[in-house]
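So that you can tell them apart, the chains are marked A, B and C in the order they are listed, and the count of residues begins at 1 in each.
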(Lines give C-alpha, C1' and ligand atoms only; values in the text may rest on other atoms or scores of the structure.)
Protein backbone atom coordinates (compact mmCIF):
# COMPACT_ATOMS: atom_id res chain seq x y z
CA UNK A 1 0.00 0.00 0.00
CA UNK A 2 2.85 2.36 0.78
CA UNK A 3 4.22 1.78 -2.69
CA UNK A 4 0.84 2.55 -4.15
CA UNK A 5 0.52 5.74 -2.13
CA UNK A 6 3.94 6.82 -3.30
CA UNK A 7 3.04 5.89 -6.85
CA UNK A 8 -0.18 7.86 -6.47
CA UNK A 9 1.72 10.91 -5.32
CA UNK A 10 4.13 10.57 -8.21
CA UNK A 11 1.32 10.10 -10.69
CA UNK A 12 -0.56 13.12 -9.47
CA UNK A 13 2.53 15.14 -10.14
CA UNK A 14 2.92 13.59 -13.55
CA UNK A 15 -0.72 14.09 -14.37
CA UNK A 16 -0.48 17.76 -13.47
CA UNK A 17 2.56 18.19 -15.65
CA UNK A 18 0.97 16.27 -18.47
CA UNK A 19 -2.18 18.34 -18.27
CA UNK A 20 -0.24 21.59 -18.45
CA UNK A 21 1.56 20.37 -21.54
CA UNK A 22 -1.59 19.09 -23.24
CA UNK A 23 -2.27 22.07 -25.45
CA UNK A 24 -1.28 21.12 -28.95
CA UNK A 25 -1.57 24.11 -31.27
CA UNK A 26 -2.16 23.48 -34.96
CA UNK A 27 -2.49 26.20 -37.57
CA UNK A 28 -4.72 25.25 -40.51
CA UNK A 29 -3.33 27.32 -43.35
CA UNK A 30 -3.61 25.32 -46.60
CA UNK A 31 -3.65 28.43 -48.79
CA UNK A 32 -0.17 29.92 -48.96
CA UNK A 33 -1.49 33.12 -50.49
CA UNK A 34 -3.99 33.75 -47.72
CA UNK A 35 -2.59 36.05 -45.03
CA UNK A 36 -4.69 34.36 -42.37
CA UNK A 37 -5.33 30.82 -41.21
CA UNK A 38 -8.58 29.08 -42.02
CA UNK A 39 -8.59 28.20 -38.35
CA UNK A 40 -6.33 27.30 -35.46
CA UNK A 41 -6.64 24.39 -33.06
CA UNK A 42 -5.54 25.04 -29.48
CA UNK A 43 -6.04 21.81 -27.60
CA UNK A 44 -9.69 20.88 -28.08
CA UNK A 45 -10.68 24.39 -29.11
CA UNK A 46 -10.91 25.38 -32.78
CA UNK A 47 -10.90 29.07 -33.65
CA UNK A 48 -12.22 29.67 -37.18
CA UNK A 49 -11.51 32.89 -39.04
CA UNK A 50 -14.46 35.13 -39.86
CA UNK A 51 -16.18 33.70 -42.92
CA UNK A 52 -17.72 35.62 -45.81
CA UNK A 53 -20.28 34.32 -48.31
CA UNK A 54 -19.41 32.74 -51.63
CA UNK A 55 -21.20 34.30 -54.60
CA UNK A 56 -24.53 32.83 -55.66
CA UNK A 57 -23.57 33.64 -59.24
CA UNK A 58 -19.85 33.97 -59.95
CA UNK A 59 -18.56 36.83 -62.05
CA UNK A 60 -18.66 36.12 -65.78
CA UNK A 61 -15.65 37.64 -67.46
CA UNK A 62 -16.93 36.88 -70.96
CA UNK A 63 -20.25 38.60 -70.30
CA UNK A 64 -18.67 41.23 -68.11
CA UNK A 65 -21.10 40.63 -65.25
CA UNK A 66 -20.01 40.90 -61.63
CA UNK A 67 -20.43 38.23 -59.00
CA UNK A 68 -23.79 38.24 -57.21
CA UNK A 69 -23.78 37.59 -53.46
CA UNK A 70 -27.45 37.99 -52.54
CA UNK A 71 -29.08 39.46 -49.49
CA UNK A 72 -28.41 38.90 -45.79
CA UNK A 73 -30.39 35.64 -45.68
CA UNK A 74 -28.65 34.25 -48.77
CA UNK A 75 -25.18 35.27 -47.60
CA UNK A 76 -25.82 33.84 -44.13
CA UNK A 77 -26.85 30.52 -45.63
CA UNK A 78 -23.69 30.41 -47.72
CA UNK A 79 -21.57 31.17 -44.66
CA UNK A 80 -23.22 28.57 -42.43
CA UNK A 81 -22.69 25.95 -45.13
CA UNK A 82 -19.03 26.99 -45.36
CA UNK A 83 -18.59 26.82 -41.60
CA UNK A 84 -20.21 23.39 -41.49
CA UNK A 85 -17.87 22.16 -44.20
CA UNK A 86 -14.82 23.55 -42.41
CA UNK A 87 -15.92 21.99 -39.14
CA UNK A 88 -16.51 18.59 -40.76
CA UNK A 89 -13.04 18.67 -42.27
CA UNK A 90 -11.79 18.94 -38.69
CA UNK A 91 -14.00 16.17 -37.32
CA UNK A 92 -16.50 18.59 -35.81
CA UNK A 93 -20.00 19.77 -36.69
CA UNK A 94 -22.45 22.57 -35.90
CA UNK A 95 -23.31 20.91 -32.57
CA UNK A 96 -19.76 21.67 -31.43
CA UNK A 97 -19.98 25.44 -31.92
CA UNK A 98 -19.75 27.05 -28.48
CA UNK A 99 -19.43 30.73 -29.43
CA UNK A 100 -20.45 32.71 -32.49
CA UNK A 101 -20.02 36.36 -33.36
CA UNK A 102 -22.03 37.81 -36.22
CA UNK A 103 -20.90 41.03 -37.86
CA UNK A 104 -23.63 42.45 -40.09
CA UNK A 105 -23.31 45.28 -42.59
CA UNK A 106 -26.28 47.50 -43.34
CA UNK A 107 -28.38 45.85 -46.04
CA UNK A 108 -29.33 48.21 -48.90
CA UNK A 109 -32.47 46.10 -49.37
CA UNK A 110 -33.39 47.00 -45.77
CA UNK A 111 -32.80 50.75 -45.98
CA UNK A 112 -29.16 50.37 -44.93
CA UNK A 113 -30.11 48.71 -41.65
CA UNK A 114 -29.11 45.26 -40.46
CA UNK A 115 -31.48 42.50 -41.56
CA UNK A 116 -31.84 40.43 -38.40
CA UNK A 117 -34.74 38.26 -39.64
CA UNK A 118 -32.63 37.45 -42.69
CA UNK A 119 -29.80 36.22 -40.48
CA UNK A 120 -32.16 34.23 -38.29
CA UNK A 121 -33.89 32.55 -41.22
CA UNK A 122 -30.62 30.87 -42.15
CA UNK A 123 -29.23 30.46 -38.62
CA UNK A 124 -32.24 28.50 -37.38
CA UNK A 125 -31.70 25.88 -40.08
CA UNK A 126 -28.51 24.82 -38.30
CA UNK A 127 -28.98 25.57 -34.58
CA UNK A 128 -31.75 24.61 -32.18
CA UNK A 129 -33.36 22.19 -34.61
CA UNK A 130 -34.85 18.82 -33.77
CA UNK A 131 -31.81 17.07 -35.23
CA UNK A 132 -29.26 19.55 -33.90
CA UNK A 133 -30.65 21.12 -30.72
CA UNK A 134 -27.41 22.76 -29.55
CA UNK A 135 -27.27 26.54 -29.67
CA UNK A 136 -24.11 28.59 -29.28
CA UNK A 137 -23.45 31.61 -27.10
CA UNK A 138 -23.73 34.45 -29.59
CA UNK A 139 -23.34 38.17 -30.09
CA UNK A 140 -24.59 39.93 -33.20
CA UNK A 141 -24.34 43.55 -34.26
CA UNK A 142 -24.11 45.88 -37.22
CA UNK A 143 -20.64 47.17 -37.98
CA UNK A 144 -19.76 50.17 -40.13
CA UNK A 145 -18.38 48.03 -42.95
CA UNK A 146 -16.91 44.64 -43.69
CA UNK A 147 -13.65 44.21 -45.54
CA UNK A 148 -15.26 43.04 -48.79
CA UNK A 149 -17.61 45.72 -50.20
CA UNK A 150 -20.08 43.04 -51.35
CA UNK A 151 -20.27 41.41 -47.93
CA UNK A 152 -23.34 41.89 -45.76
CA UNK A 153 -22.40 39.24 -43.20
CA UNK A 154 -19.22 37.93 -41.55
CA UNK A 155 -19.45 35.13 -39.01
CA UNK A 156 -16.74 33.70 -36.77
CA UNK A 157 -17.11 30.69 -34.50
CA UNK A 158 -15.26 28.90 -31.77
CA UNK A 159 -15.94 25.16 -31.69
CA UNK A 160 -14.85 22.63 -29.09
CA UNK A 161 -14.33 18.90 -29.39
CA UNK A 162 -16.27 17.71 -26.36
CA UNK A 163 -16.13 14.32 -24.73
CA UNK B 1 10.95 0.02 -8.52
CA UNK B 2 10.73 -1.37 -12.04
CA UNK B 3 7.05 -1.98 -11.50
CA UNK B 4 6.66 1.57 -10.33
CA UNK B 5 8.53 2.95 -13.31
CA UNK B 6 6.34 0.92 -15.61
CA UNK B 7 3.27 2.06 -13.72
CA UNK B 8 4.53 5.62 -14.00
CA UNK B 9 4.92 5.27 -17.74
CA UNK B 10 1.46 3.79 -18.01
CA UNK B 11 -0.03 6.51 -15.86
CA UNK B 12 1.57 9.26 -17.87
CA UNK B 13 -0.07 7.84 -20.94
CA UNK B 14 -3.37 7.55 -19.14
CA UNK B 15 -3.07 11.06 -17.79
CA UNK B 16 -2.47 12.44 -21.26
CA UNK B 17 -5.47 10.59 -22.62
CA UNK B 18 -7.58 11.68 -19.70
CA UNK B 19 -6.52 15.30 -20.13
CA UNK B 20 -7.41 15.28 -23.83
CA UNK B 21 -10.84 13.95 -23.04
CA UNK B 22 -11.48 16.40 -20.22
CA UNK B 23 -13.43 19.00 -22.15
CA UNK B 24 -17.03 18.59 -21.14
CA UNK B 25 -19.24 20.89 -23.22
CA UNK B 26 -22.55 22.00 -21.73
CA UNK B 27 -25.03 24.25 -23.49
CA UNK B 28 -27.12 26.38 -21.12
CA UNK B 29 -30.30 26.93 -23.04
CA UNK B 30 -33.23 26.99 -20.60
CA UNK B 31 -35.44 29.08 -22.90
CA UNK B 32 -36.71 26.93 -25.74
CA UNK B 33 -37.90 29.98 -27.66
CA UNK B 34 -34.51 31.68 -27.58
CA UNK B 35 -32.46 30.94 -30.70
CA UNK B 36 -29.22 31.23 -28.77
CA UNK B 37 -27.79 29.75 -25.58
CA UNK B 38 -27.49 31.85 -22.44
CA UNK B 39 -23.97 30.52 -22.33
CA UNK B 40 -21.89 27.46 -23.08
CA UNK B 41 -19.39 25.70 -20.84
CA UNK B 42 -16.35 24.20 -22.55
CA UNK B 43 -14.28 22.58 -19.84
CA UNK B 44 -13.58 25.29 -17.28
CA UNK B 45 -14.40 28.09 -19.73
CA UNK B 46 -17.84 29.68 -19.81
CA UNK B 47 -18.81 31.69 -22.88
CA UNK B 48 -21.80 33.96 -22.18
CA UNK B 49 -23.91 35.41 -24.99
CA UNK B 50 -23.86 39.17 -25.47
CA UNK B 51 -26.20 40.68 -22.89
CA UNK B 52 -28.55 43.62 -23.35
CA UNK B 53 -30.10 45.76 -20.61
CA UNK B 54 -33.46 45.10 -19.04
CA UNK B 55 -35.80 48.09 -19.07
CA UNK B 56 -35.76 50.45 -16.11
CA UNK B 57 -39.49 50.92 -16.60
CA UNK B 58 -41.30 48.13 -18.45
CA UNK B 59 -43.80 48.95 -21.16
CA UNK B 60 -47.30 49.62 -19.83
CA UNK B 61 -49.87 48.24 -22.22
CA UNK B 62 -52.78 49.80 -20.34
CA UNK B 63 -51.22 53.26 -20.45
CA UNK B 64 -49.72 52.68 -23.88
CA UNK B 65 -46.24 53.71 -22.76
CA UNK B 66 -43.10 52.03 -24.14
CA UNK B 67 -40.36 50.44 -22.07
CA UNK B 68 -37.65 52.83 -20.88
CA UNK B 69 -34.06 51.57 -20.98
CA UNK B 70 -32.09 54.59 -19.83
CA UNK B 71 -28.72 55.91 -20.93
CA UNK B 72 -25.39 54.16 -21.40
CA UNK B 73 -24.57 54.20 -17.68
CA UNK B 74 -27.99 52.86 -16.71
CA UNK B 75 -27.97 50.15 -19.35
CA UNK B 76 -24.41 49.13 -18.46
CA UNK B 77 -25.41 48.77 -14.81
CA UNK B 78 -28.36 46.57 -15.77
CA UNK B 79 -26.12 44.41 -17.94
CA UNK B 80 -23.40 43.97 -15.31
CA UNK B 81 -26.04 42.92 -12.78
CA UNK B 82 -27.42 40.42 -15.31
CA UNK B 83 -23.97 39.04 -16.03
CA UNK B 84 -23.23 38.70 -12.32
CA UNK B 85 -26.49 36.82 -11.80
CA UNK B 86 -25.78 34.49 -14.72
CA UNK B 87 -22.25 33.83 -13.45
CA UNK B 88 -23.49 33.09 -9.92
CA UNK B 89 -25.99 30.59 -11.29
CA UNK B 90 -22.97 28.78 -12.74
CA UNK B 91 -20.89 28.95 -9.57
CA UNK B 92 -18.78 31.84 -10.80
CA UNK B 93 -18.60 35.57 -10.10
CA UNK B 94 -17.20 38.78 -11.58
CA UNK B 95 -13.71 37.86 -10.34
CA UNK B 96 -13.74 34.96 -12.82
CA UNK B 97 -14.27 37.10 -15.92
CA UNK B 98 -11.13 36.84 -18.05
CA UNK B 99 -12.27 38.59 -21.25
CA UNK B 100 -14.94 41.17 -21.96
CA UNK B 101 -16.03 42.79 -25.20
CA UNK B 102 -18.20 45.90 -25.05
CA UNK B 103 -20.21 46.93 -28.08
CA UNK B 104 -21.56 50.45 -27.69
CA UNK B 105 -24.13 52.18 -29.86
CA UNK B 106 -24.03 55.93 -30.34
CA UNK B 107 -25.89 57.55 -27.45
CA UNK B 108 -28.42 60.22 -28.57
CA UNK B 109 -27.81 61.94 -25.21
CA UNK B 110 -24.15 62.25 -26.25
CA UNK B 111 -24.67 63.62 -29.74
CA UNK B 112 -24.78 60.14 -31.25
CA UNK B 113 -21.31 59.31 -29.96
CA UNK B 114 -20.35 56.50 -27.62
CA UNK B 115 -20.57 57.42 -23.93
CA UNK B 116 -17.37 55.92 -22.53
CA UNK B 117 -17.58 57.61 -19.12
CA UNK B 118 -21.10 56.22 -18.80
CA UNK B 119 -19.82 52.70 -19.40
CA UNK B 120 -16.93 53.17 -16.99
CA UNK B 121 -19.13 54.54 -14.20
CA UNK B 122 -20.96 51.20 -14.04
CA UNK B 123 -18.01 48.96 -14.94
CA UNK B 124 -15.84 50.23 -12.08
CA UNK B 125 -18.48 49.18 -9.55
CA UNK B 126 -17.71 45.55 -10.39
CA UNK B 127 -14.07 45.37 -11.50
CA UNK B 128 -10.91 46.63 -9.83
CA UNK B 129 -12.63 47.41 -6.55
CA UNK B 130 -11.25 46.79 -3.07
CA UNK B 131 -13.49 43.77 -2.66
CA UNK B 132 -13.09 42.50 -6.23
CA UNK B 133 -9.69 43.64 -7.53
CA UNK B 134 -9.66 41.43 -10.65
CA UNK B 135 -9.94 43.18 -14.00
CA UNK B 136 -10.62 41.43 -17.31
CA UNK B 137 -8.85 41.80 -20.61
CA UNK B 138 -11.24 44.05 -22.52
CA UNK B 139 -11.97 45.62 -25.87
CA UNK B 140 -14.61 48.31 -26.30
CA UNK B 141 -15.83 50.12 -29.38
CA UNK B 142 -18.80 51.79 -30.99
CA UNK B 143 -20.64 49.70 -33.55
CA UNK B 144 -23.07 50.96 -36.19
CA UNK B 145 -26.08 49.46 -34.43
CA UNK B 146 -27.11 46.78 -31.98
CA UNK B 147 -29.85 44.30 -32.76
CA UNK B 148 -32.40 45.90 -30.42
CA UNK B 149 -33.13 49.52 -31.47
CA UNK B 150 -33.39 50.58 -27.80
CA UNK B 151 -30.01 49.09 -26.89
CA UNK B 152 -27.02 51.36 -26.31
CA UNK B 153 -24.78 48.65 -24.88
CA UNK B 154 -24.13 44.94 -25.45
CA UNK B 155 -21.54 43.12 -23.37
CA UNK B 156 -20.19 39.60 -23.74
CA UNK B 157 -17.81 37.89 -21.36
CA UNK B 158 -15.69 34.79 -21.11
CA UNK B 159 -15.28 33.52 -17.55
CA UNK B 160 -13.04 30.73 -16.30
CA UNK B 161 -13.35 28.56 -13.21
CA UNK B 162 -9.84 28.83 -11.83
CA UNK B 163 -8.19 26.66 -9.25
CA UNK C 1 -0.39 -6.97 -11.86
CA UNK C 2 -3.61 -6.58 -9.91
CA UNK C 3 -1.95 -3.91 -7.82
CA UNK C 4 -0.88 -2.12 -10.95
CA UNK C 5 -4.34 -2.31 -12.46
CA UNK C 6 -5.78 -0.91 -9.26
CA UNK C 7 -3.12 1.76 -9.23
CA UNK C 8 -3.91 2.52 -12.85
CA UNK C 9 -7.59 2.92 -12.06
CA UNK C 10 -6.76 5.18 -9.14
CA UNK C 11 -4.38 7.24 -11.22
CA UNK C 12 -6.85 7.71 -14.02
CA UNK C 13 -9.25 9.13 -11.51
CA UNK C 14 -6.55 11.36 -10.07
CA UNK C 15 -5.48 12.48 -13.50
CA UNK C 16 -9.02 13.44 -14.40
CA UNK C 17 -9.36 15.43 -11.19
CA UNK C 18 -5.99 17.01 -11.71
CA UNK C 19 -6.86 18.00 -15.26
CA UNK C 20 -10.11 19.64 -14.20
CA UNK C 21 -8.25 21.64 -11.60
CA UNK C 22 -5.44 22.67 -13.94
CA UNK C 23 -6.74 26.03 -15.01
CA UNK C 24 -4.68 28.61 -13.21
CA UNK C 25 -6.06 32.09 -13.83
CA UNK C 26 -3.67 35.03 -13.58
CA UNK C 27 -4.66 38.64 -14.10
CA UNK C 28 -1.86 40.83 -15.45
CA UNK C 29 -2.73 44.25 -14.14
CA UNK C 30 0.47 46.12 -13.32
CA UNK C 31 -1.11 49.56 -13.74
CA UNK C 32 -3.35 50.29 -10.76
CA UNK C 33 -4.93 53.24 -12.55
CA UNK C 34 -5.96 51.21 -15.60
CA UNK C 35 -9.52 49.93 -15.33
CA UNK C 36 -8.68 46.86 -17.38
CA UNK C 37 -6.03 44.15 -17.31
CA UNK C 38 -3.21 44.13 -19.83
CA UNK C 39 -4.11 40.51 -20.27
CA UNK C 40 -5.37 37.47 -18.40
CA UNK C 41 -3.92 33.96 -18.39
CA UNK C 42 -6.42 31.11 -18.16
CA UNK C 43 -4.42 27.92 -18.16
CA UNK C 44 -2.31 28.00 -21.32
CA UNK C 45 -4.48 30.66 -22.94
CA UNK C 46 -3.57 34.34 -22.76
CA UNK C 47 -6.27 36.90 -23.53
CA UNK C 48 -4.78 40.33 -24.30
CA UNK C 49 -6.85 43.50 -24.10
CA UNK C 50 -7.46 45.40 -27.32
CA UNK C 51 -4.35 47.45 -28.05
CA UNK C 52 -4.17 50.95 -29.48
CA UNK C 53 -1.17 52.59 -31.15
CA UNK C 54 1.36 54.70 -29.31
CA UNK C 55 1.93 58.12 -30.87
CA UNK C 56 4.66 58.47 -33.49
CA UNK C 57 5.29 61.96 -32.12
CA UNK C 58 4.19 62.59 -28.54
CA UNK C 59 2.33 65.75 -27.66
CA UNK C 60 4.63 68.68 -26.90
CA UNK C 61 3.18 70.76 -24.10
CA UNK C 62 5.79 73.51 -24.50
CA UNK C 63 5.08 73.89 -28.20
CA UNK C 64 1.38 73.20 -27.76
CA UNK C 65 1.37 70.50 -30.44
CA UNK C 66 -0.83 67.41 -30.14
CA UNK C 67 0.38 63.82 -30.35
CA UNK C 68 0.60 62.42 -33.87
CA UNK C 69 -0.55 58.83 -34.36
CA UNK C 70 -0.18 58.35 -38.11
CA UNK C 71 -2.30 56.45 -40.59
CA UNK C 72 -3.69 52.92 -40.47
CA UNK C 73 -0.41 51.32 -41.55
CA UNK C 74 1.62 53.29 -39.01
CA UNK C 75 -0.81 52.63 -36.16
CA UNK C 76 -1.00 48.93 -37.03
CA UNK C 77 2.79 48.67 -36.93
CA UNK C 78 2.86 50.33 -33.51
CA UNK C 79 0.18 47.95 -32.23
CA UNK C 80 1.87 44.80 -33.55
CA UNK C 81 5.12 45.87 -31.90
CA UNK C 82 3.24 46.45 -28.64
CA UNK C 83 1.55 43.06 -28.85
CA UNK C 84 4.86 41.35 -29.56
CA UNK C 85 6.41 43.05 -26.54
CA UNK C 86 3.51 42.05 -24.30
CA UNK C 87 3.67 38.46 -25.54
CA UNK C 88 7.43 38.26 -24.97
CA UNK C 89 6.98 39.49 -21.40
CA UNK C 90 4.76 36.44 -20.93
CA UNK C 91 7.13 33.98 -22.58
CA UNK C 92 5.21 33.92 -25.84
CA UNK C 93 5.68 35.41 -29.30
CA UNK C 94 3.73 36.15 -32.48
CA UNK C 95 3.88 32.47 -33.47
CA UNK C 96 1.63 31.71 -30.49
CA UNK C 97 -1.24 33.96 -31.56
CA UNK C 98 -4.22 31.74 -32.36
CA UNK C 99 -6.96 34.33 -32.80
CA UNK C 100 -6.92 38.01 -33.73
CA UNK C 101 -9.73 40.52 -34.07
CA UNK C 102 -9.03 43.80 -35.84
CA UNK C 103 -11.35 46.74 -35.29
CA UNK C 104 -10.69 49.49 -37.83
CA UNK C 105 -12.04 53.03 -37.81
CA UNK C 106 -12.67 54.88 -41.04
CA UNK C 107 -9.42 56.51 -42.13
CA UNK C 108 -9.82 60.20 -43.12
CA UNK C 109 -6.88 59.68 -45.50
CA UNK C 110 -8.98 57.02 -47.24
CA UNK C 111 -12.21 58.97 -47.58
CA UNK C 112 -13.47 57.76 -44.21
CA UNK C 113 -13.27 54.14 -45.29
CA UNK C 114 -11.21 51.39 -43.70
CA UNK C 115 -7.67 51.10 -45.05
CA UNK C 116 -7.27 47.35 -45.44
CA UNK C 117 -4.01 47.47 -47.44
CA UNK C 118 -2.59 49.68 -44.67
CA UNK C 119 -3.42 47.04 -42.06
CA UNK C 120 -2.03 44.25 -44.22
CA UNK C 121 1.24 46.06 -44.92
CA UNK C 122 2.08 45.94 -41.21
CA UNK C 123 0.40 42.62 -40.42
CA UNK C 124 2.40 40.70 -43.01
CA UNK C 125 5.66 41.76 -41.35
CA UNK C 126 4.76 39.56 -38.38
CA UNK C 127 2.61 36.70 -39.67
CA UNK C 128 3.17 34.25 -42.49
CA UNK C 129 6.80 35.25 -42.99
CA UNK C 130 9.71 32.94 -43.70
CA UNK C 131 10.89 33.25 -40.11
CA UNK C 132 7.44 33.18 -38.56
CA UNK C 133 5.10 31.21 -40.83
CA UNK C 134 2.21 30.89 -38.38
CA UNK C 135 -0.96 32.82 -39.18
CA UNK C 136 -3.82 33.34 -36.75
CA UNK C 137 -7.54 32.87 -37.27
CA UNK C 138 -8.70 36.44 -37.81
CA UNK C 139 -11.71 38.66 -38.27
CA UNK C 140 -11.40 42.28 -39.34
CA UNK C 141 -14.04 44.95 -39.83
CA UNK C 142 -14.72 48.66 -39.66
CA UNK C 143 -16.52 49.82 -36.53
CA UNK C 144 -18.33 53.13 -36.08
CA UNK C 145 -15.69 54.48 -33.72
CA UNK C 146 -12.96 53.43 -31.35
CA UNK C 147 -12.77 54.72 -27.80
CA UNK C 148 -9.82 57.06 -28.46
CA UNK C 149 -10.71 59.68 -31.12
CA UNK C 150 -7.19 59.48 -32.58
CA UNK C 151 -7.31 55.71 -32.97
CA UNK C 152 -7.75 54.15 -36.40
CA UNK C 153 -6.97 50.61 -35.30
CA UNK C 154 -7.58 48.41 -32.25
CA UNK C 155 -6.32 44.84 -32.21
CA UNK C 156 -6.96 42.09 -29.68
CA UNK C 157 -5.35 38.67 -29.68
CA UNK C 158 -5.65 35.33 -27.97
CA UNK C 159 -2.33 33.48 -27.67
CA UNK C 160 -1.74 29.95 -26.48
CA UNK C 161 1.37 28.37 -25.00
CA UNK C 162 1.59 25.22 -27.07
CA UNK C 163 3.63 22.15 -26.39
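To be clear about the criterion, a contact is a pair of C-beta atoms (placed from the backbone, for glycine too) under 8 Å apart; a residue touches a chain by one contact, two chains touch by 3 or more.
Fair warning: this is a prediction, and the values are worked out from it, not measured in the lab.
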item: Angle of the C-alpha superposing rotation, chain B to chain C, to the nearest 5 degrees; value: 120
item: Same-residue or different-residue interface between chain A and chain B, half as cut-off; value: different
item: Rounded Å distance, chain A centre to chain B centre (Cα mean); value: 20
item: Set of chain C residues in contact with two or more other chains; value: 3, 7, 11, 15, 18-19, 22, 43, 143-144
item: Touching residues (chain side chain A, partner chain C) in the complex; value: 3-4, 7-8, 11-12, 15-16, 18-25, 27, 29, 34-40, 42-43, 47-50, 101, 103, 143-147, 154, 156
item: Interface residues, chain C side, partner chain A - complex; value: 3, 6-7, 10-11, 14-15, 18-19, 22, 43-45, 96, 98-99, 106, 113-114, 116, 120, 123-124, 127-128, 134-144, 158, 160-163
